[in-house]
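The letters A, B and C name the chains in turn, as written, and every chain counts its residues from 1.
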Amino acid sequence: MSEWTLFEIFIRSKHGLNHKHVGSVHAVDAEMAIENARDLYTRRNEGVSIWVVPSASITATASDEKEPLFDPSEDKVYRHASFYELPDEVGHM
Amino acid sequence: MYAQQVETGTKAIKSLAEMGPEERAFQEKIDAEIKIEPKNWMPDNYRKTLIRQISQHAHSEIVGMLPEGNWVTRAPTLKRKLQLMAKIQDEAGHGLYLYSAMETLGADRDEEIEKLHSGRAKYSSIFNYPTLNWADMGAVGWLVDGAAIVNQVPLQRTSYGPYSRAMIRVCKEESFHQRQGYEILLHMMRHGTQAQKDMVQDAINRLWWPSLMMFGPSDAESPNSAQSMAWKIKRHTNDELRQRFIDQTIPQLELLGCTVPDPDLKWNEERGHYDFGEIQWEEFYEVLKGNGPCNRERLETRRNAIQDGAWVREAAVAHANKKQKQQAAA
Amino acid sequence: MTKYDELTEFLLRLGDSALIQAQRLCEWTGRAPALEEEMGMMNVGLDLVGQARNWYEYAAERINDDTDTDADTLAFRRDERAFRNLLLVEQPNGDFAVTMTKQFFYDAWQFHLLTMLKGANDERIAAIAAKSLKEVTYHLRRSSQWVERLGDGTEESHQRMEKAVDAVWRFTFELVEKNDAELALSESGNIPALTELPGKWLATVNEVFAKATLTVPDAPNTFYLSARTGMHSEHLGTLLAEMQFLQRAYPDASW
């Protein structure tokens, strides 16, 4: 058994992108998890914001759910901009 | 190579026809270079082998801090001190990235570390050699990290997603390690006194053969290796990687103006590779068995760190629990 | 033994303290109580060596004699009597409780001192202080939390902390003593008045110790030793023998 809790770490880089999962750390509480994540995952100026979440609190999709969850979006091409053909005169839209 | 002789639990490789439907789907994904992710179905032996390989790799990073820690308090200038501290810290970081990848397989870091401390898990043989002069800090960076990089670059494409992502991060960060090491040596050879040049040659003499052993024995005959290659958790044979390392290292050695302790080393025009002498594998197996010059010291240091720190980790947990209770009561 | 002007002595006090504290942190390599702590301690150490280098470079420019003094010669070629670091930071690491107690006392001192120096008329001092303060703010946060955790953790950790405080408290007299040289520096306008430093340092200690359920001892009473005159404890000499080994053994070498 682990002595400390496993936390998943999400970091937002400088460029305004979403927080991105980078890995995990062990810590006794969220506060320590943030510091450990800072010391481990931002040594090279990688981040401006950190989220920490106890790994046990994350619910993930199971692999056998892949088809019902994600395949239905495959044929919804009308959700993508490239589906709509417009005359060149319209210019950039 | 930081992972040596990883047991796969396989006697012979199955063909697709011999596999059940789940395993066949799994193998087809691997063949198509699709990454396996933590929640995907995977054969038990694939999971176990990966845990062994990744933990061995992680243990190597952590034990690998010690030979350099031996000189970090004696680094000769402030610049060299900063570089070495940053490099050692990266190694701890890389160990943590790898343990983190390993934990996605359901393994527990503390349990795997306990296996290391009780001698049931391995780490790279190279870290059981002593660092005896300052040039060793250069030679370790150049040769040991260099050999590790040759191994790790293809592992960025390994089949297990979290391992592959950890390796990408490690490779990106590690690029400075080898250059840092080589620059230490080059500076000593170009601007140093005779005593410093002697240190460099001495370091290379001691670390050359152990660096070549890092890739492990020839794996032509090994079913473990063949299985690992089929699963794409290993992408090249030990001999291929060793040859690649030698071929890229010798020109750098010549630029230094140094030699390696191998009278048989010479360029083979026909093969387009360097030929080299026979590796003393008895030494490798002895080191792996625990009889290397520093095995006892390395493990004892790591064991003591964790044992002596037990009260600290317990206190931190106790304090967090107290705080949580106070918050719940408030 | 060379004695420099008061401002240079002051810069050496800052640089030497940072370097010796970092050197003690380096001794923990591969021995920290948790892998996450290896990262944390080394980050602090890296910051401190960087700070030492900045203070030394300024000091070296001021010394500017014909001996080619630079940051490295200040770090690696001076004898212990010439070192101006706080006695606190040269004390051996002991267990993690002693290490963190030392770190916390030092961080709190640095934090308040740098906050004041950030406003120095001397632009060089102000700039180094401002940069260092960002780092030290984080150091203080970390060490305060560890003091709190260990003080208010288990019975064993509490006892170890009490012992640690008892062991190093006597060296904190340097953090709170009045000093004529610094008074002169502030009167000549180089640095701001540091008269509030002792009170602020003690307030931080009181605050963190209260959370940590630790008792703040009575005012320290130490005599004879003084880093300002190079009267160190015996520990500094052996620390320097290790740290300076290569530069001393190979004086003609280039690294």
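Methods note: contacts are C-beta pairs under 8 Å (C-beta built on N, C-alpha and C of every residue); 3 or more make two chains touch, one makes a residue touch a chain.
Chain identities (UniProt): A = 1,2-phenylacetyl-CoA epoxidase subunit B; B = 1,2-phenylacetyl-CoA epoxidase subunit A; C = Phenylacetate-CoA oxygenase subunit PaaC.
Remember, predicted model here, so these are calculated numbers, not experimental data.
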### Summary
Counting C-beta pairs in contact for A-C and for B-C, the higher total belongs to B-C
### Query
By C-alpha centroid distance to the whole-protein centroid, which chain wins?
B
### Message
Measuring centre to centre with CA averages, how many angstrom lie between subunit A and subunit B?
### Response
29
#### Entry: Whole-Å separation of chain centres (CA-atom averages), subunit A against subunit C
41
### Task
Starting from the mean Cα coordinates of subunit B and subunit C, work out the distance between those two points in Å.
36
### Query
Of all residues in subunit B, which are in touch with two or more distinct other chains?
89, 93, 96, 313-314, 316, 319-320
### Task
Any chance you could list the residues of subunit A touching two or more other chains?
4, 25-26, 28, 32, 40, 43
### Task
Provide the list of subunit C residues touching at least two other chains, using ranges where the numbers run on.
34-36, 39, 43, 149
### Task
Using the touch rule from the top, collect the residues of subunit B that touch subunit A in their complex.
37, 39-41, 89-90, 93, 96-97, 100-101, 103, 108-111, 166, 173, 313-314, 316-317, 319-320, 323-324
### Summary
The subunit C residues in contact with subunit A across the complex are 34-36, 39-40, 43, 141-142, 145, 149
## Note on the structure
Interface with subunit C, subunit A side, in the complex: residues 4, 25-28, 31-32, 35-36, 39-40, 43
### Query
Which residues of subunit A touch subunit B in their complex?
1-4, 6, 23-26, 28-29, 32, 40, 43-44, 60-63
### Query
Which bits of subunit B are touching subunit C when the two form their complex?
62, 65-66, 68-69, 72-78, 80-82, 85-86, 88-89, 92-93, 95-96, 99, 134, 184, 187-188, 191-193, 195-196, 301-302, 304-306, 308-316, 318-320, 322
